(Lines give C-alpha, C1' and ligand atoms only; values in the text may rest on other atoms or scores of the structure.)
Protein backbone atom coordinates (compact mmCIF):
# COMPACT_ATOMS: atom_id res chain seq x y z
CA UNK A 1 0.00 0.00 0.00
CA UNK A 2 1.41 3.40 -1.00
CA UNK A 3 0.12 6.95 -0.73
CA UNK A 4 0.71 10.07 -2.82
CA UNK A 5 -0.36 13.71 -2.50
CA UNK A 6 -1.29 15.45 -5.71
CA UNK A 7 -2.35 19.03 -6.30
CA UNK A 8 -4.61 20.31 -9.06
CA UNK A 9 -5.01 23.99 -9.88
CA UNK A 10 -8.55 24.85 -10.98
CA UNK A 11 -9.52 27.87 -13.05
CA UNK A 12 -12.84 28.32 -11.30
CA UNK A 13 -16.06 26.34 -11.73
CA UNK A 14 -15.69 23.45 -14.14
CA UNK A 15 -14.28 19.96 -14.59
CA UNK A 16 -10.63 18.91 -14.98
CA UNK A 17 -9.63 15.43 -16.24
CA UNK A 18 -7.24 13.74 -13.78
CA UNK A 19 -6.85 10.28 -15.38
CA UNK A 20 -3.31 10.84 -16.63
CA UNK A 21 -1.99 11.96 -13.19
CA UNK A 22 -3.48 8.83 -11.63
CA UNK A 23 -2.35 6.43 -14.35
CA UNK A 24 1.20 7.74 -14.01
CA UNK A 25 1.24 6.95 -10.26
CA UNK A 26 -0.06 3.44 -10.96
CA UNK A 27 2.57 2.78 -13.62
CA UNK A 28 5.34 3.89 -11.24
CA UNK A 29 3.96 1.70 -8.42
CA UNK A 30 4.30 -1.50 -10.42
CA UNK A 31 0.97 -2.74 -9.02
CA UNK A 32 -0.68 -5.20 -11.41
CA UNK A 33 -4.00 -6.05 -9.70
CA UNK A 34 -5.50 -3.89 -7.00
CA UNK A 35 -7.43 -0.76 -6.16
CA UNK A 36 -6.77 2.94 -6.52
CA UNK A 37 -8.46 5.26 -4.02
CA UNK A 38 -8.71 9.00 -4.69
CA UNK A 39 -9.72 11.40 -1.92
CA UNK A 40 -10.23 15.16 -2.27
CA UNK A 41 -9.48 17.22 0.86
CA UNK A 42 -12.19 19.83 0.27
CA UNK A 43 -15.94 20.29 0.64
CA UNK A 44 -16.45 22.73 -2.23
CA UNK A 45 -14.87 20.64 -5.01
CA UNK A 46 -15.57 16.97 -5.72
CA UNK A 47 -14.89 13.96 -7.91
CA UNK A 48 -17.01 12.37 -10.62
CA UNK A 49 -16.65 9.62 -13.21
CA UNK A 50 -18.51 10.51 -16.39
CA UNK A 51 -18.40 10.33 -20.21
CA UNK A 52 -15.06 11.45 -21.62
CA UNK A 53 -15.84 11.58 -25.36
CA UNK A 54 -18.27 14.47 -25.82
CA UNK A 55 -17.50 17.54 -23.70
CA UNK A 56 -21.17 18.53 -24.01
CA UNK A 57 -21.88 15.96 -21.29
CA UNK A 58 -19.93 18.03 -18.78
CA UNK A 59 -21.46 21.25 -20.10
CA UNK A 60 -24.93 19.73 -19.55
CA UNK A 61 -23.92 18.51 -16.06
CA UNK A 62 -22.82 22.05 -15.23
CA UNK A 63 -26.12 23.49 -16.47
CA UNK A 64 -28.13 20.83 -14.64
CA UNK A 65 -26.39 21.44 -11.32
CA UNK A 66 -26.71 25.23 -11.73
CA UNK A 67 -30.44 24.70 -12.05
CA UNK A 68 -31.00 22.31 -9.12
CA UNK A 69 -28.50 24.02 -6.78
CA UNK A 70 -29.12 27.75 -7.06
CA UNK A 71 -26.20 30.09 -6.37
CA UNK A 72 -26.99 32.84 -3.88
CA UNK A 73 -30.32 31.35 -2.79
CA UNK A 74 -31.61 33.82 -0.15
CA UNK A 75 -32.61 30.75 1.91
CA UNK A 76 -28.92 29.96 2.64
CA UNK A 77 -27.60 30.96 6.08
CA UNK A 78 -23.99 30.10 5.11
CA UNK A 79 -22.93 32.78 2.60
CA UNK A 80 -19.76 34.41 4.02
CA UNK A 81 -17.70 33.58 0.94
CA UNK A 82 -20.29 34.68 -1.61
CA UNK A 83 -23.18 33.30 -3.66
CA UNK A 84 -21.22 30.15 -4.73
CA UNK A 85 -20.23 29.22 -1.14
CA UNK A 86 -23.17 27.12 0.04
CA UNK A 87 -24.04 25.89 -3.45
CA UNK A 88 -20.51 24.47 -3.73
CA UNK A 89 -21.03 22.47 -0.51
CA UNK A 90 -24.35 21.10 -1.79
CA UNK A 91 -22.84 20.14 -5.17
CA UNK A 92 -20.08 18.34 -3.28
CA UNK A 93 -22.65 16.35 -1.26
CA UNK A 94 -24.56 15.34 -4.42
CA UNK A 95 -21.36 14.01 -6.06
CA UNK A 96 -18.28 12.26 -4.58
CA UNK A 97 -15.52 13.19 -2.14
CA UNK A 98 -13.71 9.90 -2.79
CA UNK A 99 -13.69 7.22 -5.48
CA UNK A 100 -12.11 3.75 -5.72
CA UNK A 101 -11.22 2.30 -9.12
CA UNK A 102 -9.91 -1.19 -9.89
CA UNK A 103 -6.35 -1.60 -11.16
CA UNK A 104 -6.02 -4.45 -13.68
CA UNK A 105 -3.00 -5.38 -15.79
CA UNK A 106 -1.10 -2.46 -14.26
CA UNK A 107 -3.54 0.30 -15.18
CA UNK A 108 -6.89 1.88 -14.26
CA UNK A 109 -9.57 -0.62 -15.31
CA UNK A 110 -12.24 1.79 -16.52
CA UNK A 111 -14.76 1.65 -19.34
CA UNK A 112 -13.74 3.12 -22.71
CA UNK A 113 -15.98 6.14 -22.22
CA UNK A 114 -15.25 6.77 -18.54
CA UNK A 115 -13.11 9.66 -17.35
CA UNK A 116 -12.28 10.82 -13.81
CA UNK A 117 -12.81 14.52 -13.23
CA UNK A 118 -12.15 16.94 -10.42
CA UNK A 119 -15.18 19.22 -10.33
CA UNK A 120 -14.40 22.70 -9.02
CA UNK A 121 -17.62 24.19 -7.64
CA UNK A 122 -16.29 27.61 -6.62
CA UNK A 123 -16.30 30.32 -9.28
CA UNK A 124 -12.75 31.47 -8.46
CA UNK A 125 -9.56 29.41 -9.05
CA UNK A 126 -8.39 27.14 -6.23
CA UNK A 127 -5.44 24.83 -5.61
CA UNK A 128 -6.96 21.46 -4.67
CA UNK A 129 -5.22 18.69 -2.70
CA UNK A 130 -5.90 15.01 -3.23
CA UNK A 131 -4.54 11.85 -1.63
CA UNK A 132 -4.15 8.81 -3.86
CA UNK A 133 -3.80 5.45 -2.11
CA UNK A 134 -2.74 2.45 -4.19
CA UNK A 135 -2.92 -1.09 -2.91
CA UNK A 136 -2.47 -4.42 -4.62
CA UNK B 1 -6.73 -9.64 -3.50
CA UNK B 2 -8.69 -11.13 -6.39
CA UNK B 3 -10.67 -9.65 -9.27
CA UNK B 4 -13.63 -10.89 -11.28
CA UNK B 5 -15.52 -9.57 -14.30
CA UNK B 6 -19.25 -10.03 -14.26
CA UNK B 7 -21.85 -9.12 -16.86
CA UNK B 8 -25.46 -8.21 -16.24
CA UNK B 9 -28.06 -7.98 -19.01
CA UNK B 10 -30.60 -5.23 -18.38
CA UNK B 11 -34.05 -5.06 -19.91
CA UNK B 12 -34.04 -1.28 -20.14
CA UNK B 13 -34.56 1.30 -17.42
CA UNK B 14 -34.98 -0.26 -13.99
CA UNK B 15 -33.13 -1.93 -11.12
CA UNK B 16 -31.65 -5.46 -10.98
CA UNK B 17 -30.62 -7.11 -7.70
CA UNK B 18 -27.00 -8.31 -7.87
CA UNK B 19 -26.44 -9.56 -4.29
CA UNK B 20 -26.46 -13.25 -5.18
CA UNK B 21 -23.79 -12.88 -7.91
CA UNK B 22 -21.54 -11.03 -5.45
CA UNK B 23 -22.17 -13.38 -2.54
CA UNK B 24 -21.26 -16.35 -4.75
CA UNK B 25 -17.87 -14.80 -5.61
CA UNK B 26 -17.19 -14.15 -1.92
CA UNK B 27 -18.07 -17.71 -0.94
CA UNK B 28 -15.71 -19.11 -3.60
CA UNK B 29 -12.89 -16.76 -2.50
CA UNK B 30 -12.82 -18.12 1.02
CA UNK B 31 -12.26 -14.60 2.39
CA UNK B 32 -13.55 -14.31 5.97
CA UNK B 33 -12.96 -10.63 6.84
CA UNK B 34 -12.38 -7.97 4.24
CA UNK B 35 -13.92 -5.69 1.68
CA UNK B 36 -15.77 -6.21 -1.57
CA UNK B 37 -15.50 -3.47 -4.20
CA UNK B 38 -17.93 -3.31 -7.11
CA UNK B 39 -17.24 -1.06 -10.10
CA UNK B 40 -19.53 -0.52 -13.10
CA UNK B 41 -17.75 0.29 -16.38
CA UNK B 42 -20.45 2.64 -17.70
CA UNK B 43 -21.69 6.20 -17.28
CA UNK B 44 -25.38 5.56 -18.09
CA UNK B 45 -26.01 2.80 -15.54
CA UNK B 46 -25.05 2.89 -11.87
CA UNK B 47 -25.11 1.14 -8.51
CA UNK B 48 -27.25 1.78 -5.44
CA UNK B 49 -27.85 0.18 -2.06
CA UNK B 50 -31.47 0.52 -1.03
CA UNK B 51 -34.39 -1.23 0.68
CA UNK B 52 -34.89 -4.79 -0.58
CA UNK B 53 -38.22 -5.70 1.06
CA UNK B 54 -40.86 -3.54 -0.63
CA UNK B 55 -40.39 -3.13 -4.39
CA UNK B 56 -42.41 0.10 -4.17
CA UNK B 57 -39.23 1.76 -2.88
CA UNK B 58 -37.53 1.21 -6.22
CA UNK B 59 -40.69 2.22 -8.07
CA UNK B 60 -40.75 5.48 -6.10
CA UNK B 61 -37.02 6.02 -6.74
CA UNK B 62 -37.67 5.60 -10.47
CA UNK B 63 -40.52 8.12 -10.34
CA UNK B 64 -38.49 10.56 -8.28
CA UNK B 65 -35.50 10.47 -10.64
CA UNK B 66 -37.79 10.80 -13.67
CA UNK B 67 -39.11 13.98 -12.12
CA UNK B 68 -35.82 15.62 -11.09
CA UNK B 69 -33.87 14.50 -14.20
CA UNK B 70 -36.12 15.16 -17.18
CA UNK B 71 -35.68 12.96 -20.29
CA UNK B 72 -35.29 14.94 -23.50
CA UNK B 73 -34.89 18.31 -21.79
CA UNK B 74 -34.42 20.78 -24.68
CA UNK B 75 -31.65 22.39 -22.61
CA UNK B 76 -29.38 19.32 -23.17
CA UNK B 77 -26.65 19.68 -25.82
CA UNK B 78 -25.73 15.97 -25.60
CA UNK B 79 -28.66 14.11 -27.19
CA UNK B 80 -27.21 11.98 -30.01
CA UNK B 81 -28.54 8.74 -28.55
CA UNK B 82 -32.02 10.01 -27.77
CA UNK B 83 -33.99 11.65 -24.97
CA UNK B 84 -32.64 9.22 -22.31
CA UNK B 85 -28.96 9.82 -23.23
CA UNK B 86 -28.03 12.86 -21.12
CA UNK B 87 -30.55 12.06 -18.38
CA UNK B 88 -28.83 8.67 -17.95
CA UNK B 89 -25.47 10.41 -17.38
CA UNK B 90 -27.01 12.76 -14.79
CA UNK B 91 -28.72 9.87 -12.96
CA UNK B 92 -25.36 8.09 -12.88
CA UNK B 93 -23.69 11.16 -11.32
CA UNK B 94 -26.40 11.44 -8.63
CA UNK B 95 -25.94 7.77 -7.63
CA UNK B 96 -22.82 5.52 -7.52
CA UNK B 97 -20.34 4.16 -10.06
CA UNK B 98 -18.64 2.07 -7.37
CA UNK B 99 -19.46 0.71 -3.94
CA UNK B 100 -17.41 -1.04 -1.22
CA UNK B 101 -19.11 -3.39 1.22
CA UNK B 102 -17.57 -5.12 4.24
CA UNK B 103 -17.13 -8.89 4.19
CA UNK B 104 -17.64 -10.44 7.65
CA UNK B 105 -17.78 -14.15 8.54
CA UNK B 106 -17.32 -15.00 4.86
CA UNK B 107 -20.27 -13.03 3.49
CA UNK B 108 -21.49 -9.54 2.60
CA UNK B 109 -22.05 -7.73 5.89
CA UNK B 110 -25.13 -5.71 4.99
CA UNK B 111 -28.20 -4.68 6.93
CA UNK B 112 -31.25 -6.96 6.79
CA UNK B 113 -33.11 -4.54 4.53
CA UNK B 114 -30.22 -3.57 2.28
CA UNK B 115 -29.93 -4.82 -1.29
CA UNK B 116 -27.37 -3.95 -3.99
CA UNK B 117 -28.89 -2.99 -7.32
CA UNK B 118 -27.59 -2.22 -10.76
CA UNK B 119 -29.70 0.67 -12.02
CA UNK B 120 -30.07 0.77 -15.79
CA UNK B 121 -30.82 4.35 -16.82
CA UNK B 122 -31.18 3.81 -20.58
CA UNK B 123 -34.63 2.83 -21.84
CA UNK B 124 -33.27 0.07 -24.12
CA UNK B 125 -31.64 -3.18 -22.88
CA UNK B 126 -27.85 -3.14 -22.37
CA UNK B 127 -25.20 -5.69 -21.39
CA UNK B 128 -23.35 -4.12 -18.46
CA UNK B 129 -19.81 -4.99 -17.31
CA UNK B 130 -18.69 -4.84 -13.70
CA UNK B 131 -15.40 -5.55 -11.96
CA UNK B 132 -15.57 -7.06 -8.48
CA UNK B 133 -12.40 -6.81 -6.37
CA UNK B 134 -12.24 -8.85 -3.17
CA UNK B 135 -9.57 -8.36 -0.57
CA UNK B 136 -9.15 -9.72 2.91
CA UNK C 1 -7.22 -5.71 8.12
CA UNK C 2 -9.52 -5.32 11.12
CA UNK C 3 -13.22 -4.70 11.54
CA UNK C 4 -15.27 -2.99 14.23
CA UNK C 5 -18.99 -2.51 14.84
CA UNK C 6 -20.06 0.85 16.19
CA UNK C 7 -23.48 2.10 17.14
CA UNK C 8 -24.72 5.67 17.03
CA UNK C 9 -27.95 6.82 18.65
CA UNK C 10 -29.69 9.53 16.65
CA UNK C 11 -32.22 12.01 18.03
CA UNK C 12 -34.25 12.13 14.85
CA UNK C 13 -33.50 13.95 11.60
CA UNK C 14 -30.14 15.69 11.63
CA UNK C 15 -26.39 15.18 11.43
CA UNK C 16 -24.04 13.70 14.07
CA UNK C 17 -20.24 14.08 13.88
CA UNK C 18 -18.53 10.69 14.06
CA UNK C 19 -14.87 11.65 13.51
CA UNK C 20 -13.79 11.06 17.09
CA UNK C 21 -15.22 7.49 17.20
CA UNK C 22 -13.36 6.66 14.00
CA UNK C 23 -10.09 8.33 15.00
CA UNK C 24 -10.10 6.39 18.27
CA UNK C 25 -10.35 3.06 16.39
CA UNK C 26 -7.47 4.08 14.12
CA UNK C 27 -5.27 5.08 17.03
CA UNK C 28 -5.89 1.72 18.74
CA UNK C 29 -5.16 -0.19 15.51
CA UNK C 30 -1.64 1.19 15.23
CA UNK C 31 -2.06 1.51 11.44
CA UNK C 32 0.19 4.23 10.05
CA UNK C 33 -0.67 4.31 6.32
CA UNK C 34 -3.84 2.82 4.92
CA UNK C 35 -7.55 3.23 4.40
CA UNK C 36 -10.55 3.45 6.70
CA UNK C 37 -13.88 2.23 5.31
CA UNK C 38 -17.15 3.17 7.02
CA UNK C 39 -20.38 1.39 6.10
CA UNK C 40 -23.85 2.17 7.47
CA UNK C 41 -26.22 -0.79 7.66
CA UNK C 42 -29.38 1.20 6.88
CA UNK C 43 -31.22 2.72 3.93
CA UNK C 44 -32.85 5.63 5.77
CA UNK C 45 -29.70 7.15 7.28
CA UNK C 46 -26.47 7.88 5.44
CA UNK C 47 -22.95 9.29 5.58
CA UNK C 48 -21.55 12.59 4.32
CA UNK C 49 -18.30 14.49 4.47
CA UNK C 50 -18.93 18.23 4.69
CA UNK C 51 -17.73 21.48 6.28
CA UNK C 52 -17.18 21.17 10.01
CA UNK C 53 -16.61 24.81 11.00
CA UNK C 54 -19.94 26.57 10.51
CA UNK C 55 -22.97 24.55 11.58
CA UNK C 56 -25.09 26.66 9.19
CA UNK C 57 -23.73 24.46 6.39
CA UNK C 58 -25.55 21.45 7.81
CA UNK C 59 -28.63 23.55 8.52
CA UNK C 60 -28.66 24.65 4.86
CA UNK C 61 -28.11 21.06 3.69
CA UNK C 62 -31.13 20.01 5.77
CA UNK C 63 -33.25 22.79 4.26
CA UNK C 64 -32.06 22.01 0.74
CA UNK C 65 -32.85 18.30 1.03
CA UNK C 66 -36.25 19.04 2.59
CA UNK C 67 -37.04 21.10 -0.49
CA UNK C 68 -35.83 18.68 -3.20
CA UNK C 69 -37.09 15.53 -1.43
CA UNK C 70 -40.58 16.31 -0.19
CA UNK C 71 -41.85 14.43 2.90
CA UNK C 72 -45.24 12.81 2.42
CA UNK C 73 -45.37 13.39 -1.34
CA UNK C 74 -48.72 11.86 -2.40
CA UNK C 75 -46.84 10.35 -5.40
CA UNK C 76 -45.03 7.88 -3.08
CA UNK C 77 -46.35 4.30 -2.99
CA UNK C 78 -44.04 3.35 -0.10
CA UNK C 79 -45.43 5.17 2.96
CA UNK C 80 -46.15 2.52 5.60
CA UNK C 81 -43.88 4.15 8.17
CA UNK C 82 -45.11 7.69 7.64
CA UNK C 83 -44.35 10.79 5.55
CA UNK C 84 -40.57 10.57 6.22
CA UNK C 85 -40.29 6.91 5.12
CA UNK C 86 -39.76 7.17 1.35
CA UNK C 87 -38.08 10.56 1.57
CA UNK C 88 -35.46 9.01 3.90
CA UNK C 89 -34.68 6.34 1.28
CA UNK C 90 -34.30 8.98 -1.44
CA UNK C 91 -32.03 11.14 0.75
CA UNK C 92 -29.92 8.04 1.40
CA UNK C 93 -29.57 7.40 -2.37
CA UNK C 94 -28.51 11.02 -3.01
CA UNK C 95 -25.77 10.81 -0.35
CA UNK C 96 -23.49 7.92 0.75
CA UNK C 97 -23.99 4.51 2.36
CA UNK C 98 -20.21 4.00 2.62
CA UNK C 99 -17.10 6.16 2.60
CA UNK C 100 -13.37 5.39 2.46
CA UNK C 101 -10.87 7.82 3.94
CA UNK C 102 -7.07 7.65 3.80
CA UNK C 103 -5.11 7.01 6.98
CA UNK C 104 -1.77 8.87 7.04
CA UNK C 105 0.67 9.16 9.93
CA UNK C 106 -1.67 7.10 12.09
CA UNK C 107 -4.77 9.27 11.72
CA UNK C 108 -7.62 10.19 9.35
CA UNK C 109 -6.06 12.24 6.56
CA UNK C 110 -8.85 14.75 5.97
CA UNK C 111 -8.88 18.41 5.06
CA UNK C 112 -8.95 20.95 7.89
CA UNK C 113 -12.59 21.80 7.21
CA UNK C 114 -13.85 18.28 6.55
CA UNK C 115 -15.99 16.38 9.04
CA UNK C 116 -17.67 12.97 8.75
CA UNK C 117 -21.34 12.96 9.68
CA UNK C 118 -24.00 10.34 10.09
CA UNK C 119 -27.15 11.86 8.64
CA UNK C 120 -30.34 10.56 10.21
CA UNK C 121 -33.17 11.01 7.72
CA UNK C 122 -36.04 9.68 9.85
CA UNK C 123 -37.79 12.16 12.11
CA UNK C 124 -37.79 9.79 15.12
CA UNK C 125 -34.65 8.65 17.01
CA UNK C 126 -32.93 5.47 15.78
CA UNK C 127 -29.97 3.36 16.89
CA UNK C 128 -27.74 3.06 13.83
CA UNK C 129 -25.15 0.33 13.19
CA UNK C 130 -21.94 0.89 11.28
CA UNK C 131 -19.04 -1.36 10.32
CA UNK C 132 -15.59 0.21 10.24
CA UNK C 133 -12.90 -1.70 8.33
CA UNK C 134 -9.29 -0.58 8.74
CA UNK C 135 -6.52 -1.84 6.52
CA UNK C 136 -2.91 -0.79 6.13
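Labels for the chains are A, B and C, by order of writing; each one numbers its residues from 1.
The rule is simple: a residue touches a chain if its C-beta (ideal position, glycine included) is under 8 Å from a C-beta of that chain, and two chains touch if they have at least 3 such contacts.
Computed from a prediction, not measured in an experiment: that's the story for all the values here.
At the interface between chain A and chain B, two copies of one sequence, fewer than half of the residue numbers in use appear on both sides, so the contact is built from largely different positions.
Chain A maps onto chain C through a rotation of 120°, based on Cα atoms and reported in steps of 5. The geometric centre of chain A is 20 Å away from that of chain B, both derived from CA atoms.
Shared interface positions of chain A, defined as residues touching 2 or more other chains, are 68, 94, 100, 135. The part of chain A that touches chain C in the complex is made up of residues 1-3, 37, 39, 41-43, 68-69, 75-78, 80, 86, 89-90, 92-94, 97-98, 100, 129, 131, 133, 135. Remark: chain C residues 33-35, 48-51, 54, 56-57, 59-61, 63-64, 68, 94-95, 99-102, 104, 109-111, 113-114, 135-136 touch chain A in the complex.
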